[in-house]
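What follows is one structure encoded as structure tokens, with my remarks underneath.
A, B, C and D are the chain letters, set down in written order, and residue numbers restart from 1 in every chain.
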């Protein structure tokens, strides 16, 4: 399906509205972007506009260098983070940033979300990474751009692939998720919040519980995402 | 009332939809099956289809050996677990699997839910059992079938009857419940989630609280389920 | 306003329905009764009937000795507890029993809810009492009647007045509340649940926090309930 | 826009109704006032009237010395606290008091809400202050007036400006927020509750987590509120 600016804005609007509908954001918090990789541009929520007043035509279109392409409003203050990720990671077409409560709590606690059960393993095969706190140099520089750098480098340092790990916590800040479509990126934000909540409760009940063992992680991850995946209706990777 | 494939699918659809309505599942998580014990087959949710798009005719009918009887979609990836339970346990006509938050937290914590109050004793007279983590052999074999084996064996080892204990936690995974009807199995999933939440909060408030004493457990369990039961409107075992 | 059986049943139905509407109960849990003190009888929810199916005409009328006066269904299994309280305490016209989550957690934890803030002091001037666990003799006797005995004795032992303390936790079981009207009794159940939740969170944040000091308790309690009360629109003691 | 008594009452009613809609209050808890600084008066919720029954014409108008200007009902019992704040702090036109659960829990725990993440820093650059418990003298005097005194003095002692810190916890009691408009004051109450909840969860996950570092606080606070603010659609301070 051919993407034009109008359809891009509409998808972007629709996916942004999923955030308050899922209880992930209040007021103006959070933002979703949707990319057209061919034309190297993306639509993103305008900055500081509350969801209650948002309209499809308010979406702003910028290129992968964060330059304005179309729109009357300022794009999200996190635009440079999105742009950096699109530029560095081929293939992804949606990015979501929220301040969902449990994911933020883990980010503020500066802890990876440990792999404790199969709900987690159904979605990714590792702990959910939390970056380190950003250095003063990076904060003092181009902050939102550096947030993108920080995310890309965190995965690199841990040898993780953005195609398999579609979610991260930025320490002291909150979650970013992405996906092959914007819908998948939103889905990942919803799942991340639930995994964050389950892990929180699990450790309150039993602080000594070990990480889920590897054979069980692989089993659940592979039955959904492996070459022999048998979950769902097709051999699609969902 | 005679059951045919159509009525089986409709009951199955209706009971599956109770899960998101009760807040027990999001997206595609969870599944309910409904059995016709006479014909030795059951209807079950298709795999990976979200509740928002589910239709009665999507339900899949398989026999107690998990062989397809009727349906255009793949049955739930947990079908073999359901089949094993129906085959081994006479009498039950409904099975439910969810990833409800508090029950999953206890399963991930790898702990039985202790008997701490009369809300619990109104429904079962023992702790809610949590299996051990599955062995690598079983995981590497026919995983979903082995999950059924694990559930049946856990009750056997503890000398518990599936007619009295209609709920279990699979360690690292989540809850399964069952019942004489699918509606009762769904009811048990809702109750389990509430018992899991109450036990969690109780132990946060007072980690040293002892198990409820036996005389009180028996009193509450018997007034609802005993031969002299006087709770409710008839001598039915509810 | 003259009360007859019909109006008693209607009030009782309406007040019972407030419980699921306020999120205090699920399924068949909980019950509200409404008394006509002049005629020494009360209407109460029938046993084991779910709120979704409840009708005004289902309410059962019994006297203060728990003898059936009017109704086709069995009264709540907790009827004898209600009857004992009405018989022993003049003045109260409504009693509520729920299994609301946080209040049950404190009851299961077998702890009084400590006085930690002015929201609590706005409603009562003491900790919310939790009984001891019932003795085996009492459990083996007339259990629901003995629950009433236990509640009355707990207040007596602590020198508390049922006119000032309109809520209690029965250890290992859950909350009972009462009031000069059934509406007030329901209101007390809602407040109790919120106080239980606030106290839980407070002690999680600061386990060492002291009880609220007496001068502040008296100030808040008296401005709502004292002779010089100035809260609200009249010198009513609500 | 010229304010008259009628428009003041309507704004006041509308902002009061935002409290139950946002889940911040139940029953009669909480109150919002809206000031006309030119005429030195404000509209406030009547005392002890439940939100379910509230009407715009019920709002009461009093002056900055708490003297009745217009209205048939008693003003909120907290009126003198509001009046003291309006009188001492130029510029603010709205004040909100709630008993929202997590903010109350921190107030009852008698702890400042520590600065743990950027969601917090987006709104204020310091911990959220909690006063000390009021002295017996102040409680025994004009209690609600003294609550205002306590709030003003707490900010003074800590060298905080009411223009930058628009929220406070009164120890053992609960939160007050304010703003240049009543809508902003309500917004601040919603944000405070969310920050209180996030901080609670963060410390449960990692009790040893340090305060967010200063460079990150300044960055987030300044991008929204500084002279070079670039968040949102205009250089307004939101």
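What we mean here is this: a contact is a pair of C-beta atoms (placed from the backbone, for glycine too) under 8 Å apart; a residue touches a chain by one contact, two chains touch by 3 or more.
All of these numbers come straight from a predicted model, not from anything done at the bench.
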| remark: Sorted by label, the chains bordering both chain B and chain C are none
| note | Across the interface between the identical copies chain A and chain D, with over half of residue numbers shared counting as same and under half as different, the residues used are different
| task | Among all other chains, pick the one whose mean CA position is farthest from the mean CA position of chain A. | result | C
| task | Take the average of all CA coordinates in chain A, do the same for chain D, and state the distance between these two points in whole angstrom. | result | 33
| message | So the centre of each chain is just the mean of its C-alpha atoms; given that, what is the distance between chain A and chain C in Å? | response | 47
| query | Counting only residues that touch at least 2 other chains, which ones in chain A make the list? | reply | 203-204
| In the complex of these two chains, what residues of chain B are touching chain A? | 26-29, 46-49, 73-74, 77, 99, 101-102, 104-111, 133-134, 136, 139-140, 143, 172-174, 200, 203-204
| note | So, in the complex, the side of chain C touching chain D is made of residues 116-119, 187, 190-191, 194, 197-199, 201-206, 209, 212-213, 215-216, 219, 223, 230-233, 238
